[in-house]
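As written, the chains take the letters A, B, C, D, E and F, and residue 1 is the first residue of each chain.
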Amino acid sequence: MIVVAVFLAAAAGMTLIRIVRGPSTLDRIVAMDVLLAITVCAIAAEAAWSRDATGLPILLGLSLLGAVGSVAVARFADPAAARKSGTGVGES
Amino acid sequence: MAGARDRLVAVAALTVVWMLLWGVFSWLTLAGGLLVSVLVLAVFPLPPVTFAGRLRPVGLLRFAVRFVVDLWVASFQLAWTALAGRRAPRSAVLAVRLAVRSDLNLTMCAEAVSLVPGSLIVDLDRAAGVLYVHVFDVAGPADIARFRREVRGIERRIVEAVGSDAEIAVVGGGEG
Amino acid sequence: MLLGAHLVAAVLAPVLVRWAGPRAFYLLATVPAAVVGWAVTHRSGQWSQPWVPGLGLSLAFRVDTLSWLLVLLVGGVGALVLVYCGSYFAPGTEGLGRFAAVFTGFAGAMLGLVVSDDLLLMYVFWESTTVLSYLLIGHTGVDRPNRRAALQALIVTTAGGLAMLVGLVILGEHAGGYRWSQVAAALLDGPLLTVAVVLILVGALSKSAVFPFSFWLPAAMAAPTPVSAYLHAAAMVKAGVFLVAGFAPMVVAAGGAAATVWRVSAVGLGLVTMLVGGWMALFQNDLKLLLAYGTVSQLGLLTAVLGFGTAGTALAGVAMVVAHALFKAALFLVVGVIDKAAGTRDLRRLDGWGRRAPLLVAVAVPAAMSMAGLPPAIGFAGKEAVFAALLDAGVVGRLVLAGVVAGSVLTVAYTARFLWGAFAGRPAADDATVAAGADGSLLVAPAVLAAAGVAAGFGAQGVGRVLSPYADGFRGSADHLALWHGPGVPLVLSVLVVAGGLLLFRLVPAGRSGPRPGGRGYERVMTGTDRLAVEVTGATQRGSLPFYLALILLVLIATAGPAMVAGWPGSTAVRLWETPSHLLPVAVLIVAAVFAVPARRRLTAVILVGVTGYANAVVFLLHGAPDLALTQFLVETVTLVMVVLVLRRLPGHFSQRPGAWRRRIRVGIGVAVGTVMAGVGHLAVSARQAAPVSQAYPELVVPWGGGHNIVNVILVDIRAWDTMGEVAVLVAVATGVASLIFRRAGRLHRRGPVETPSDPPRDEPVWLMAGHTVEAGRRSTMVEVVTRLLFHVILLLSVYLLLTGHDTPGGGFTGGLVAGLALTVRYLAGGRYELAAAAPVDAGAVLGAGLLVAVGTGAGALVLGGQVLQSAVLDLHVPLLGEVHVVTSTLFDVGVYLIVVGLVLDVLRSLGAEVDRHAAAAVAGEPAPARKEELV
Amino acid sequence: MSVSLLVAVGVLFAAGTVLLLERTLTRVLLGVMLLGNGANLLVLAASRAGAPPIVGVADPERMTDPLPQAMILTAIVITLGMTAFLLALAYRSWLLTGHDEVQDDAEDRRVRELADRDEGSDAEALEAPR
Amino acid sequence: MGVTAVLDAVAGLCLLGGALLSLAAGVGLLRFPDLLSRMHAATKPQVLGLLLILSGAAIRLGTVVDITTLVLVGVFQLITAPVAAHMVGRAAYRAGLVRRELLLVDELAAARGREHGSGGE
Amino acid sequence: MTWLVPLPVVMPLLGAAATLLMFRRPRVQRAISVSVLTATLVVSAALLVLAAGGPLVVAVGGWPAPLGIVLVADQLATLMLVVSSAVTLCVLLYSIGQGGADGDEEHPLSVYHPTYLILTAGVTNAFLSGDLFNLYVGFEILLAASYVLITLGGTETRIRAGTTYVVVSLLSSVIFLAGIGLIYAATGTLNMAQLVERLDALPDGVRLVLQGMLLLAFGIKAAIFPLSAWLPDSYPTAPAPVTAVFAGLLTKVGVYAIIRTETLLFPGGRVADLLMVAALSTMVVGILGAVAQSDIKRLLSFTLVSHIGYLLFGVGLASRAGLSAAVFYTLHHIVVQTTLLLVAGLVERRGGSTALDRLGGLARTAPVLAVLFLLPALNLAGIPPFSGFLGKLGLIQAGAGEGSALAWLLVAGSAVTSLLTLYALARVWNLAFWRTPATDPAAAPLRSSRLMVTSTAVLVVAGMLFTVAAGPLYALTDTVAADLLARSPYVRAVLP
């Protein structure tokens, strides 16, 4: 179990690095998605470990709605204008 | 009458979800599920989903098994690439034209293709029924051709699992 | 009492004046006349009624010799001046009604002042006279000098008054009461008494325009002449004299340092004032100003004499009070007559009025003789008595006498100048317009006053007898008052004074323009105050939000920091972590928070802050708070969407960061705040001794609250009152968001679904209600289909969370958030038309309905006889379905659910749809700020 | 209270403070959010970690204190509302001025300038003697 | 007894595999050169990883109530993850965040070029 | 009769819900608001009468103290309730008279009514709450509503000013919340009556920290120097009725919280000197600010800050006389400050501005307005016989009774502040009411409706009533002060 925790922790750490480093907002969004997925994993793993199901409703919420944030960002990314001004998603 | 069928399907599907949420299979849950589903559908109406096909257990199973296998294989390939792989693998953006042009089919294929590692839907063209897929780790034209085949295979299995007879005919004809 | 009559009269005055014009003054004059009538028949009396016992303030009145005398003067002079006003003002003069009201009110206040038995009540009237005199001096306020003089008088006398108030409080608090008798009976001693005495004296001197407060009085001559006559002869300034006279017996009897200070100040300053005022009067060309300086001088004399504190000086002093009131009022009124007739008060331009108006001279001369201290007027008797009393008062007395004599010389001199200036000379031949002379009716009042002065002179012995009870309050005995004492030193002095005065008058050149009213000190103090105000305000009121916040945080550091260090527990068992698994989310949280600070892109910062939020949620979960975790996850998602909705319009980068040192300061403050908060957190937790109240909850929630999830039972039952307030907060902010975004208030209706999308193209399968309205480039079939499939599922989940919350994590908040996110998904997939189609209701109505349900549930319990927000648990047996467990607090949760949905819907309508519309309008050419950068 | 939570509280407050002291309203908003999270954690720290406070699932002895949770939940939702409002404020500010920076108060600046020039107040100037 | 132990072991393996895949995702996210590659790394091992961990949890928890919930979680994740990936991927492609030199073929560019005349890339 | 206790909160909230549902029908909204606030006033008055027999305590939801939330209607709370609901009612009438309907950008009524009612509910909740966290919620309610009201119409100045207000308030809320968290951490309870005993048991250092946090949070809301500078920057820009009700009430809620917590939770005057120093600097800096202003609304905002110093002075003395005077002065100040700002609104409509350099001659052109300004202005300046004088007198007496050097300094400071208040207001009179303006006001004056003038006049008269009824009122505040100092009546009522 410790191994599981360490793996997940390492994954989270690397994801966090990507969030901090970017370089683009979409990179960060992707990384945040991954972080949420890792969180889901961690919660489920914790539930499995402790045989405690109280966290499961959280998983329902996360799995159904966790992506809404990144969809919102992606939805309002305006590539045309971004390209025009030269300061779009790709900039760090 | 098609509308009524669609609505019944919707209520049934939602009731199933409701019962799964509660995890209790009792008359009370069933009644509650029916009530809430009807209520939700009445308060927030949406255009009915016209589901022309029907569920085919064999096709469904075949799709599921193949999907899981694909998932495993591709996942570990990708994981391997990530953990130990070379730097900067090449990729490609491919256009794949589907045989059945319904939105539902388009979406289900897109979902399935997306879920299988190594491919990502970059765009889709509903009028032409084309998926634009970003494919990871492509070495050459052979890979490209293989990939197109894979996508069509996925489509066929999906249609065989849930499609109407007419659609199955289309896929069957389009194969090859 | 008669005070009430004054009040009523004052209130009615404007009405009367409007109705009867200046003749109303005659009617008003009956009120003070009635006072005189009362005083003639009653020599003493008292009446009291508690007012504010908690402050020792009572409506206590009493009349003794001193106050009786002043009642007489205040009422008599008041009545006469009002009569004078009746002829003085032309009908239709602007602001006459107001003037009449204020004047009558002033007379009443003055009356109240002298008959108050309660020192605080006296202060009440004292300040009333100040304020009313401000209004009288300012008059119509059109002229700048009037306004300035009024303000000056107000500030100076109020300043003195406040000092006096403090002095009075010192005495009263010691004595345990504020009656004159109480204070006198339990007089304080020691240095505090000295302080009190000085403070009271400051009040008295400022009111009486004694040095160094003299300057306001001459300036106040800007007021209409009747005002000057009353305020500055009989009324306002006499208040100070009255106070000196009132306190003198007490203080002098107390002896010690206080008495010495009292004597030195009152007498010394009084003499200085007398001399300086007299000297200034001598050089005035404006008759009114001349009289005003004369008043200053006389008030100095009165203060010195009354403050001296022997029986003799006391009697002489009150006699002089009578004299001064009579002659000064008369003379002012005479000047008014001249001014009105001649159109000027400048003695250089007045010529030959003695011949033109012999009656006027007949009135003026006796009054002037009283002023100069010539027989047979009361002024002579008074002055003689002063000389005599001072002669009897040892070395100090003689020293004072020397001053008084010198002052008297000046008095004679300026009196001469007055008479000469007003009446001497030959009339100019062409001056026909004013030749009619003075209006006879105007002369009634001054004539009566002058006659009274002479009559009092002849009846000096009677006056003395009547006033002597006052002098009995002092040690020693007073000579009786008389017009003729026989030859003696006082008479010699009187002769010398007259001679010297006339000589001095001859020496002063006539046409020299006199010195202007002083008050440079006052000016300096006031401009200094103003400058100080500007400097202090400029230094503290920076107008900068970061500055204010930094100040608050510094106060936090400065107060909590040292207290924390002081209270640091000696030894506590500190755990490194709650559980080891805490460390991961905590680490993520820390890293994200730290990197959020320097981020230059808005979205980067937003995402990093979002990550801290998610990490926080995990901490909650690990801590044993699944409800919190669920809520935090959902809230964080909703927040991210909201932020993105706004940020899509804002520039992508933050503008320039502040300079390095500013940044360092900020970081410094931040680190300090963080340290302090963590420190106090440790401190508080280690101080815990008692078990928390929540320990009782686990066994109560099921039987009382009908639920297993304690947190939810707390929210909807145990502390539902909090939740009710919290949803009110949400309703308010939702309303606010809409009011900020919908540019015109009328467009608030757009919170409702006013827009109906166009029909979708025929040939296309329809997934959403308005999916086709999204511009082609942004549409995605995949998104539309999935939204279509999942929308109802999400709603189902929200209902599930709502219903199950009482027993497992969930509840109205989370349910509402999920439902709100369902709407968000619709909006993201199909745009603003889709949102309108998804929720065809007004967001405000949803909020209102939710609030109604939530609060109504609470109120319903009240109506049903329970406690507000009390819940009931019902276990029903339904055939076929089995046991149904219903808790009424679920209904409350439904209200909460609706409000949260309403909030999200409102935000989507505002920050989503309406901002879309702004953007579309901007594209269409409506002027809007240009976007410099895009969102991502 | 454990050191890890203390540190988290401290960092959240520190970072929140620095952002709060900025002029850009977006940053201020983020600062408020961080401070809110910090305060929530501080409240949470009043209780020891334990089992979720759900009767029947966990032993009451092992349960963590539910009362701070209720407080935090209220605070979270209130902060959500405030965030929405601040965002609207930032947007409105941008709409009107083209940026979301908090400017200094104009009246205060005027008084400050008077102070710098060693002058009296405007009101005083109006009635100054001539 | 034996059954429980076996189930626990299976569950443990599932968890371990899931964690490993998550780790791989993290590594890929960090190592891959451009956004789209990183997205492959990020979203895909996640799907299987998540499913594995959910299965592990289902085995460990073992009650109907929890299993149904976990099934729903899995299904929801399978449906929503591709949508998010699609939206981000589309935005990335349109924003030009694709490293062209790494692309062997770009049929979308060709299609867009046809559509917009010379306007495309 | 305890069922009456929650009504001052519940009724406005129900009213808010109803007005939200009726948002398209301004007339109905008005009718609802007026009747709800009238009912609140009546209930408050009834509670005041009932509270004379001892505090009325309600355990909300039937959860007995200290388990749940209690509402405590003691004499202090009910006094505040009566005065505040009277003031809110008058201001409501004034704003209705001011008119403005949807479509008028400055005064969107469909937002105004619900928000105003929520504000009222927040204020009453803060007064009634016997639970520390619920006090926080009460504050949040009134703050949230105030954020909306202060930015009403969304003009540039209002946004700028509103931002300052909102952000500072948010910081104070964070500090308050953290303070509550710490108090709970240290004591395990939120019930104020129970906190009495549990806080007493804490080590001094910890108590001091907790006290400091709460004082800081309330000090910001009450606008105590140096936490006060935000106020004059934000209040004056809002619509007149909003400024009026903010100035009159919101800071007083902070003061109320200070009085309540300092006497009940942290007695013993450990920070008395600190409070006194703060009081002095608040008075002096505030009034100097007023002197430096040339706009009536801003000037009044500074006098507001300054006079908070008076209240703090009384609290700092921590004696019965001091508290009694502070409570009395608080009640007085609510009414008079509100009145003056309403008058400022009338002035703005009559003269087109509140800037002194643009006004003039109002005493001649608008004599009624002149009277309406003069009386409360004198009252504020503490001119007898008005209530401002009585309150100030009480404070000076209490200060003299205490007799320490600092107390004497404050007595002097009070006197100076009073004088400068008079100076500032007299200057307003000189310039705006007496002086003939150099130029004609550019904008045609807006007519003030009869309702506006009447409601202002009612408040002016209410201010006078404080003088007439000062005897019984002061006796009441005296018993309030005694109860506050004794603490036991409160504790016994809540935890029998």
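Everything that follows uses one rule, which is that a contact is a pair of C-beta atoms (placed from the backbone, for glycine too) under 8 Å apart; a residue touches a chain by one contact, two chains touch by 3 or more.
The structure presented is a predicted model; accordingly, all values stated were derived computationally and were not measured.
Contact with subunit A and subunit E alike is made by C. More contacting C-beta pairs link the chains of D-F than the other of the two pairs D-F and A-D.
Using mean Cα coordinates as chain centres, the one most removed from subunit C is B. Averaging C-alpha coordinates per chain places the centre of subunit B 15 Å away from that of subunit E.
Centre-to-centre, using mean CA coordinates, subunit C is 14 Å away from subunit F.
In terms of their C-alpha centroids, the spacing between subunit B and subunit C amounts to 74 Å.
Note on chain placement: the centre of subunit B and the centre of subunit D lie 46 Å apart, centres being C-alpha means.
Annotation for subunit A: residues 5, 8, 12-13, 24, 26, 29, 54, 57, 60, 64-66, 71, 73, 75, 77, 80, 82, 88-89 touch two or more other chains.
Annotation for subunit E: residues 20, 23, 25, 27, 39, 43, 49, 63, 65-66, 69, 72, 76, 79-83, 86-87, 90-91, 95 touch two or more other chains. Within subunit C, the positions touching two or more other chains are listed as 144, 147, 151, 526, 530, 533-534, 537-538, 541-543, 545, 549, 553, 622, 626, 645, 677, 681, 684-685, 692-694, 697, 718-719, 722, 726, 729, 732-733, 736, 740, 743, 780, 782-783, 786, 789-790, 793, 797, 804, 808-809, 936.
Pairs of chains meeting the touch criterion: A-C, A-D, A-E, B-C, B-E, C-D, C-E, C-F, D-F. In the complex of the two chains, the subunit A residues touching subunit C come out as 5, 8-9, 12-13, 16, 19-20, 22, 24-26, 28-29, 32, 35-36, 39, 42-43, 46, 54-55, 57-58, 60-62, 64-66, 68-69, 71-73, 75-78, 80-82, 85, 87-89. Across the complex, subunit B is touched by residues 765-769, 780-782, 784-786, 788-789, 791-793, 795-797, 799-800, 804, 838-839, 878, 880-882, 884 of subunit C. Residues 133, 137, 140, 144, 147-148, 151, 154-156, 159-164, 166-167, 170-171, 174, 177-178, 180-182, 184-185, 190, 233, 291-295, 298, 356-357, 427, 430-431, 435 of subunit F are the ones that touch subunit D when the two sit in their complex. Residue ranges on subunit A touching subunit E, taken from their complex, read 1, 3-5, 7-8, 10-15, 17-18, 24, 26-27, 29-31, 33-34, 37-38, 40-41, 44-45, 47-49, 51, 53, 56-57, 59-60, 63-67, 70-71, 73-75, 77, 79-80, 82-83, 88-90.
Those residues of subunit C that touch subunit A in the shared complex are 581, 584, 587-588, 591-592, 595, 601, 603-604, 607-608, 610-611, 614, 618, 621-622, 626, 629-630, 633-634, 636-637, 640-641, 644-645, 648, 652-653, 777-778, 783, 790, 793-794, 797, 801, 804, 808-810, 814, 818, 821, 824-825, 828, 931-936.
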